[in-house]
Amino acid sequence: MSEAVDELEGLLAAPPQLTRRPVVQALEERLYRPVRVLDHGFVRVVDYSGDDGAVVQAARVSYGGGTRSVSSDRGLIRYLMRHRHTTPFEMCELKLHVKLPIFVARQWIRHRTASVNEISGRYSVLDREFYLPPAALIATQASSNRQGRGASLDADEAGEVLRLLREDAMRSFGTYQALLNDDGSGEAADPTKPMVARELARINLGLSTYTQWYWKTDLHNLLHFLALRLDRHAQVEIRRYAQVIADVVAAWVPHTWEAFLDYRMGAHTFSREELALIRGALRGQDLEEGMERSGLSGRERAELLSVLGLR
Amino acid sequence: MSEAVDELEGLLAAPPQLTRRPVVQALEERLYRPVRVLDHGFVRVVDYSGDDGAVVQAARVSYGGGTRSVSSDRGLIRYLMRHRHTTPFEMCELKLHVKLPIFVARQWIRHRTASVNEISGRYSVLDREFYLPPAALIATQASSNRQGRGASLDADEAGEVLRLLREDAMRSFGTYQALLNDDGSGEAADPTKPMVARELARINLGLSTYTQWYWKTDLHNLLHFLALRLDRHAQVEIRRYAQVIADVVAAWVPHTWEAFLDYRMGAHTFSREELALIRGALRGQDLEEGMERSGLSGRERAELLSVLGLR
Amino acid sequence: MSEAVDELEGLLAAPPQLTRRPVVQALEERLYRPVRVLDHGFVRVVDYSGDDGAVVQAARVSYGGGTRSVSSDRGLIRYLMRHRHTTPFEMCELKLHVKLPIFVARQWIRHRTASVNEISGRYSVLDREFYLPPAALIATQASSNRQGRGASLDADEAGEVLRLLREDAMRSFGTYQALLNDDGSGEAADPTKPMVARELARINLGLSTYTQWYWKTDLHNLLHFLALRLDRHAQVEIRRYAQVIADVVAAWVPHTWEAFLDYRMGAHTFSREELALIRGALRGQDLEEGMERSGLSGRERAELLSVLGLR
Amino acid sequence: MSEAVDELEGLLAAPPQLTRRPVVQALEERLYRPVRVLDHGFVRVVDYSGDDGAVVQAARVSYGGGTRSVSSDRGLIRYLMRHRHTTPFEMCELKLHVKLPIFVARQWIRHRTASVNEISGRYSVLDREFYLPPAALIATQASSNRQGRGASLDADEAGEVLRLLREDAMRSFGTYQALLNDDGSGEAADPTKPMVARELARINLGLSTYTQWYWKTDLHNLLHFLALRLDRHAQVEIRRYAQVIADVVAAWVPHTWEAFLDYRMGAHTFSREELALIRGALRGQDLEEGMERSGLSGRERAELLSVLGLR
C-alpha cells in the first residue's frame, strides 16, 4: 500500500489548483488527511463532488416551478428529506480511503450501491496489523438482544481475552510470513523452503486483519449507510467508522446533515396500530389499556412507551 | 428551467476557487457551456471528479505489487482496459445537463446505473420545443436490418414528411397550451375556461418534445453507454449525443479514451467457431471452404469476411 | 405483440406440470390472465418465485439462532418489516406483462432495480391505441400542491378536453401510419410514396400511446414501488396500475402484505421535533402552543394535526 | 444453520405440486440436493424461475417483428448472445444455498447485482469447519503472473503447509469456543468464566472458516459471474464453485449455455491493432514482422500468437 499512500501524500503536498466546480472549504482542509479509527484503521477523504447547492440545483430541475415557493436552499433540502425525494442527493459523491478490519469490511461491503477497490491478498503481501479491542469494548453476549454486547468484562477477564486474541493473531501472521518465505524483495528468505502462493498463504489470517480500500458512493446511499451503521444495533467497531464519516458529511453538506438528523436519525416511525394508540391517548384515552387491547407484542409495547418518553 | 439555467450561468460567471482535488484543465474550460446537439438540444458538463490519475490510483490499491511492473499510467490504463478490470474506472464521475427529445430520453434511461433528475411535466410547464430532423436524416425503413434507416428521401418527399411532423407537433402544443390556459403567471389566460392539470394536459405531447435532465454516472458505465450508443446500430439521434459526450471524455481522460478506442470500439470479438476458421486460414486452409463446412449462418459468414477485410 | 400474447395463451392452455418449488395457488389462478387497467391497458402475472415461506427461510439463514424466539412465520415477517431487514424480501420475484401509456411508463421506469423488455418502436409498428381519461379524472390543476389535480371539470368542459385529446391522438396516429405506408405485410400501401423508417415515423406519437413491457423485480423493490405509487401524490393513472399489483401481492404473500400495510402504508414517520411535541402533549402540554414555539413550517403543523386526528 | 437445512429437507420430502409456470425437469431433480465443493462446502439449488423459453419470450416482446426472421428458439438465443442483447437473460433467476470459505465469499460478494442472506456470526455460533486444500493445490507463488499459483509443492513440503494451516485453524476455533463459553444451550459451559459476545469472539477466526448464504441472481449476471470465475485467472477455490454452477446452468438453459460457450467462453476479442495484423496476415503479410512494427507489448504479442495457434 505504500505507493498509494505516497501518491496521496504527493497530492497533499502539491499546490492547489483553480476550479469552477463547487468547492467546500471545510472538506478541502480534510482532503488526503487520515483520521484514526480503532487501533490501526483510518478514514480519509480522497475526493468529493457537489455540495448542498448541487442537491438544490438538481431538485430545481426536477420540480421546476414547484420549488419556487421554497425560498431558501435549506428549506428546499428539508422539504426533500422530509418527503423522501431522494434522487437529488445522488448528485453528490464522496470517495474515501479506509483502512479497516476484515470483519468490518464484510459488513460494509453489503452496501451494494458503491464502487470499491480493495487491496488484494492475491497480489500483495498484507501488513502485520490486526485489530485488538480496547478493554472497554470487551463484553459479554447481550441477553436483551441476539446480536450485540452486554456488560464489559472486569479487567482480569478482559486482559485474558486480549491475550488470547493477540496470541492467535500473532501466530497466524507468523505462519503467513513463514509460508510466504519472502525476504521483502521477492526472493526466498529461507532458500531451503518453498515460497507458498500468496492467495493460499493468507487463508488462515484472522478476520481482525486490517485491509484497505477506496470506497466511493453518492450522498443518498452514504446517508443510508450512516442511518444503518450509526444505529445502536450496529456492531460498535463499524459504528466508529460511521461516526468519523458522519463528521465528514456534517462538514461537507451542513444543510443536508441537519435535515438528516431531524427527519431520519431523530425521527421515529409508528406503525398503523401505534398511531391509533397515540391518537387515542391525545384524545384522553388510556394508553396502557389501549395497548393491552391491541395486537402489539410485549417488545413493541415497551418500545412504544420508551419512544414516547413514558417509561 | 430558466432558474436552473441561470444558476449555471451564475456558476460560470463566478471566480474560480482553489482545490486540492484533481483538476482537468480541458474540462474546466467546458464546464457549464452547452454544446448544441440536434435542433434544440444540448449537452453540458455540470461537474466531474477524478481523471486518468484517479483510475491509476484506485488500481494500484487493488493490485498493489502487481502493478509495479507496469511503469506508466498510460500502460496501466491500457492493461486494465485490455483485461476488463473495470472497477478502477468507476472511480471517476461525470455529471451532465442534457436537453433531448423524449424519444431519445427513453432510450437513454435504459442505462440504469446512473443518477437522473428530469424536469417533470407534472410540476412545470414544458417549453414549446420539439425535434424536427434535418432533411438528410429523413429516410426509409432499412431493408437490411429491422431497426434502422435506409436511403434518404428525395427533397420533395422529405419536405412532405417534415411538414407533417411539424404540423402535428404544433397542433399538440397548441392543445397543450389551450388546456393549461395559463397566462404565464399562474392565472387563467381565458377566465371563462378551466385550467386543466399539467399532468393531464401533457399526455398528448409528442415523443419529439424536448425534455431536460441532470444525468450523472461513473466512467465505467459512461464508456458502456458510449460503446452502445456510438454504435452504428444506435438510432442516429442518440448517436449525436454520444458523439458530443465522446469528445468530453477524450478531453477529460485521454489515456482511458485511447485505450477504449483500441480495446473496445476498434476491437472485434470472434466466436469460438470464427476463431477456429481464422486459425485454419492462417495455416493456409481455405476460409470460404471452412465457412461452408461450419455452422455459421449466412449473416455471420458475411460479417466475418467483412471484418477480416476480405469482402 | 400478437406473438408474445399468443405464446402466453399457449402457456395458459398447456397442462400444469409438477414442481418441487413453492407454489402459491392464488397466483397460479391468475397466471397469464390480464387484468384490465385504464381504457386499453392491463397487468398480468407471467412468472413468480418464492412465497412468504421463502422470506422466512432466507431470514433464518441470516439471523440463525436469533430467529428462534420468533415462533411463527407471520411473526418473523412482521419483525423483519418493522426493523427494515429488507434483504429476505429480495428472495421472491414477480414478473409482469404490462400494457401502459408511455407517460406512465416514463414514471415507472425510474425504478431502476428491475429488469425490463419493452416493445421497441424501432422494430415494431405500434398499435393504434391511446389513453383517454374517463370524465371523472379530467380535472383542474391543484392549487394546494404543485403536481396534482384539483376539482373535476363539469361535463361540457370535460367533453371538450376529451375531444381535443382524441383528435390530436387520432391525427398523430394517422400521420404515423401515412409515413410508415405499410400495408401490413411489409409492402408499401401506396407504391408512389416512400416507406419512412419506423424509428422516425413514431417521433410525433403522443405520450398517451400505449406501450408494453415485461417487468421483473424482487419483492423488496416491488414493495418500494408500491409505497411510492399507491401514494396519493402519485399520478392517478400509475396508481391504478399499483392497485392492481397490490392485489396480486396480497394474494401472493399475504403475511408480507399485512406487515407492509401495518408498518409502511399505514405507518407514519414523525420528525425529531414532531416527536418532541407529541411527547409533550402526552404529558399534558398544549400542542398548539408547542407548535407555535417550534420550528415547524405552516404546512408541517397542518399535516401533524391531521395525522394525529386533531383536525 | 441446522434449521434452514432441515427446512430444505422438508421441502425435498414434500410431494411435488402442480404449476403453470415453466418447469425444467433437469433442475427439479437437483432442487435442494447439495453438490459437494471443496472439503466441506456445497452448492444447492433452492429455487429457479424461467427457462430458455422465457428468454425468447422476453426478446420477442422487445424486438417484435424483428425476431420473426429467426425461426428457432435456439437461433434467437444465439443471436441475442452474439449481439450482446443482454436484457432478455435477466428474465430468469437462480437461487442457491452455498457453503463456502470466507476468503471465497469475499471474492464472490464483489458481484453486486445479486441478493444475499449470509449467516451472521453476530447472531449465530459458527460451525467448527475450515478449508484445508488438497495437496495438489498447495503451490508456490506463480512467477509468470502476480496473482496465481505456480508449481505444486512436493509431498513433504505440502504436508508441512497443511500442518501449519490446520494447527492455526484448530487453535483459532479453540479460542473462539473458549471465549463463547457456551454449552450449546446458551448457558455458560464454565460458570466461572464470562460468555464473551459472539460478534467479538469471532474476530480471530481465519478466512478459511466456512460460512453459508442464500444467493440469488438473474441469468445475465450469473453468466457474467461464471465468465469471470471460470477463467483460469480466478483463484482455483472459487473456480470449483463456478464449475458446479456451470453444470447447473447447462442443465437449466441448454441453448443459452451453448451460446455462452460459443460467443463468450470460447470467443476471443482482438484489439484494433491485433485485428489489423490478422487482416494483414490473411493477405499474406508476415505476422511476426507486423508485430515488431506494431505497438503491441511483448506480452500482447505472445498472447496473440498463442490464441492464433501459432506458438
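Just so it is clear, A, B, C and D label the chains in written order, and each chain counts residues from 1 on its own.
In this section, a contact is a pair of C-beta atoms (placed from the backbone, for glycine too) under 8 Å apart; a residue touches a chain by one contact, two chains touch by 3 or more.
Computed from a predicted structure; not experimentally measured.
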item	value
Shared chain contacts [subunit A and subunit D, defined touch]	B, C
A-B or A-C, whichever has more C-beta pairs in contact	A-B
Whole-Å separation of chain centres (CA-atom averages), subunit A against subunit B	35
Subunit A and subunit C, separation of their C-alpha mean positions in angstrom	33
In subunit B, residues with contacts to at least two other chains	63, 65-66, 116, 120, 123, 146-147
Touch-based graph of the chains, sorted into line, ring, star, complete or other	complete
Parts of subunit D lying in touch with subunit B, wherever the complex brings them together	63, 65-66, 69, 75, 82, 146-147, 261-263, 265-275, 278-279, 281-283, 287, 297, 300, 307-310
Subunit C residues within the subunit B interface of the complex	101-103, 106, 109-110, 112-113, 116, 120-123, 131, 133, 137-142, 146-150, 153, 157, 161, 164-165, 168-169, 171-172, 175, 178-180, 193-200, 202-208, 235
List of subunit D residues in touch with subunit C within their complex	1, 3-4, 7-8, 11-12, 14, 16-23, 28, 31-32, 46-50, 54, 57-66, 68, 87-88, 90-91, 93, 95, 97, 115-120, 123-125, 212-214, 216, 218
